[in-house]
Amino acid sequence: MKKTAVFPGTFDPFTVGHESIVLRALKLFDSIIIGVGQNTGKKTYLPVNQRVKLIKDVFKDFPQISVTSYEVLTVDFCVNMNAGYLLRGLRTAADFEYERAIAQVNKAMKPDVESVFLLTAPEYTPINSTIVRDILIHGGDASKFLPKKIDIRNYL
Amino acid sequence: MKKTAVFPGTFDPFTVGHESIVLRALKLFDSIIIGVGQNTGKKTYLPVNQRVKLIKDVFKDFPQISVTSYEVLTVDFCVNMNAGYLLRGLRTAADFEYERAIAQVNKAMKPDVESVFLLTAPEYTPINSTIVRDILIHGGDASKFLPKKIDIRNYL
Amino acid sequence: MKKTAVFPGTFDPFTVGHESIVLRALKLFDSIIIGVGQNTGKKTYLPVNQRVKLIKDVFKDFPQISVTSYEVLTVDFCVNMNAGYLLRGLRTAADFEYERAIAQVNKAMKPDVESVFLLTAPEYTPINSTIVRDILIHGGDASKFLPKKIDIRNYL
Amino acid sequence: MKKTAVFPGTFDPFTVGHESIVLRALKLFDSIIIGVGQNTGKKTYLPVNQRVKLIKDVFKDFPQISVTSYEVLTVDFCVNMNAGYLLRGLRTAADFEYERAIAQVNKAMKPDVESVFLLTAPEYTPINSTIVRDILIHGGDASKFLPKKIDIRNYL
Amino acid sequence: MKKTAVFPGTFDPFTVGHESIVLRALKLFDSIIIGVGQNTGKKTYLPVNQRVKLIKDVFKDFPQISVTSYEVLTVDFCVNMNAGYLLRGLRTAADFEYERAIAQVNKAMKPDVESVFLLTAPEYTPINSTIVRDILIHGGDASKFLPKKIDIRNYL
Amino acid sequence: MKKTAVFPGTFDPFTVGHESIVLRALKLFDSIIIGVGQNTGKKTYLPVNQRVKLIKDVFKDFPQISVTSYEVLTVDFCVNMNAGYLLRGLRTAADFEYERAIAQVNKAMKPDVESVFLLTAPEYTPINSTIVRDILIHGGDASKFLPKKIDIRNYL
């Protein structure tokens, strides 16, 4: 059976850390759907269509990777997409506790969707979207924390 | 001397995890006052009167449990209620650090109010109000995370 | 019903932190049994009879506190002693994770024994038996980390 | 390409938590090799051949699962076995930090071996080999923490 | 070369914990610049000019300590101030993970600015600005958590 | 006044992570004394004289760095050496909790010795002596985790 994973997130913005997890997961899954969450209540730095566009640009040479936004619960999105796996990266112990609660509740709701975790590479451990966004908002140069081919100014 | 405990929280909403802590604490205390905090600045999913009503419905067969909302500092609420104990459940290490700071500051302010902690049962560890609320907001079925006799639609 | 708690530990040695937890728990329980574990396989700094004697000396003015050594599983010791509560102090997040595993397994084995946790006071948070023992082994002065009335040289 | 994972551990003893991780990983991998580490310097409760036999008995109906002991570095064992994945279960934040260090060092040594993590189910979170072993050593009944078909007395 | 450190924060409000870190760092650095962040998007309890004034009042007898607000990225503020060090206090494990991410990203951006950490004294560990602010908002007495010479009513 | 720091540890073996902390601390202190602890009760991989020799070889071009073994308590070693600072590297949250307890007890014993922490660089975060030693014991190649100029075979 084809193994499909959803890699969900807000990706505001998508970082080198996210990119690295997706690339390393490619050999484990037949296809990966990057799901860009639209927390309608929450104001984001980049609008959802620009976040989707940026990630599509990052992976335009990978036909087995698709990118789409979603508004439903993440596990429901997995079921809708016929994806049996939820892919997540783990950076820190604080991350872990948060991810564990989400994953265990998801499992209780949809036992057929299995959460699978990869570890962020050491050099990407400090990088998260909040910090990168903060640099961008203050006019700093965040290019070394963003995927190489991306110029963030094209998505603002 | 009668042992009275306050079990404080926002309870937005009250979950099976909260219910389990209160039921297990019943043999330790003579009476338990469930204090529903009214963080006036913070928007909640359920209005405070509905949160109070829901919890009253859960424990309507337990005369030693009362439910009331409060606006003052939690330790001041304990003193006002003549409660010598602050009851809290602990789920995760992240919880613990947060609870420890609050409890130690409370102790510094009112040394006669002792914080007492019970551990959430393993099966309830991933359940917290934020996750349950998120399921409800997205139209998911959260009934297995809510007290058995509660139909959340009656409180919206 | 009388509320009896077991406060278990190796207590090698018993510190001001342990003493503080027992004293604060006195109003919550009718009697406290301090159980000194005899991990027969493990070499200790103080022999078990001296650890028992030291703790008895600390609490000699408290008739509701008794001290005894035990070799069985801690939950079995509670059942043998007709104690419905297991009292533990929590210092750090690392402590918490360890204590949680033990308490949840104990609960699975003997559901009638409830683990109850108090928080160490901030000033005692860094003090644990390992550090105090290390000071003693190196000939340092650990008196400020030991109960006031205790001269450790009387128990070596 | 066939996806082979090594699930390494000391398994002293193998618990329901370990069993659950392996069973859930079955759909992700084509074959799983359970590697039983022989830390020659460390005294174990069960000898290595009995640990291997016990696990073989647990999975005797699963042809895609094999069990073998090993003495080399875990990543070298993976390479020797042509396994591209290292499978591990995560229980707690403390686990996580330990596993992260090991996994990141393994990745630095053998970049082609990817560590993949599943989360322990909530009800198995408190169960680890140390606690189970401690129950067994004290003559307690650990059967609810061991795989259902296993009578530990057959392996002592 | 003169050693100058920036001690950055929102300081809403400045607590005894902050004061203690600065005083202990005095012998390590030749001068300390307390940088009061103006997160323009975030509503604060005290306006930035009052936060600056309060801290100036605390340290008015220390010519080697200066206080100033800033709006740029913290590392850029350090570079602008010719400060080679970023001073931070660490209270808890949760603090640590947050501080580590910030510090490692700062190091990647400006390798010449070194983050240096002191540990909060045990008695100040539970005190943070959020808790103190919460006490003040609820009309409680937070004076024991604020620098001794400060009457908070003078800054509201 | 001259600023002298002690950098204490077992260093069994000294890793690239340790080397990096010392090099980064050089500009903060006038001299650094690397103190190699002789836990007489504990069996080490490298004998203490070889651990001292290895570290001396690493820093032979740095006259402000000295290396010496010690058997007393670490804070007493600092006092004996007229060192006002204890330098430590922090890698993980687990590290942090351990280091905090030690540092706060040290501070209670010798208030004039200040513990100062630097953060390990992200790429060295997973590296600790236990893991490196384990690789060496199993005959693996640990050279990328050891200081560049060191061939470990010269010290066995």
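Note that the chains are named A, B, C, D, E and F in the order they appear, and that numbering of residues resets to 1 at the start of each chain.
Just so we're on the same page, contacts are C-beta pairs under 8 Å (C-beta built on N, C-alpha and C of every residue); 3 or more make two chains touch, one makes a residue touch a chain.
Quantities reported herein were computed from a predicted structural model and do not represent experimental measurements.
Of the pairs listed in A-F, C-E or C-F, the one whose interface repeats that of A-B, with over half of its contact pairs matching by residue number, is C-F.
Pairs C-D and B-C differ in how many C-beta pairs touch across them, and the larger number is found at B-C.
A separation of 46 Å divides the Cα centre of chain D from that of chain E. Separation between the centroids of chain B and chain D, computed from CA atoms only, is 38 Å. Taking each chain's centre as the mean of its C-alpha atoms, chain B lies 34 Å from chain E. Between chain E and chain F the centroid-to-centroid distance comes to 29 Å (mean Cα coordinates, whole Å).
For chain C, the set of residues touching two or more other chains reads 92-94, 97, 100, 103-104, 122, 125-126. Within the complex formed with chain F, the chain D residues making contact are 71-73, 76, 93-94, 97-98, 100-105, 108-109.
If you check the complex, the residues on chain F that touch chain A are 92-94, 122-126. Interface of chain B with chain A (complex): residues 92-94, 125-128, 131, 134-135, 138-141, 144-145.
Listed in rising order, the residues of chain B touching chain C in the complex are 3, 24, 27-28, 84-85, 90, 93-94, 96-97, 100, 103-104, 107, 114-119, 121-122.
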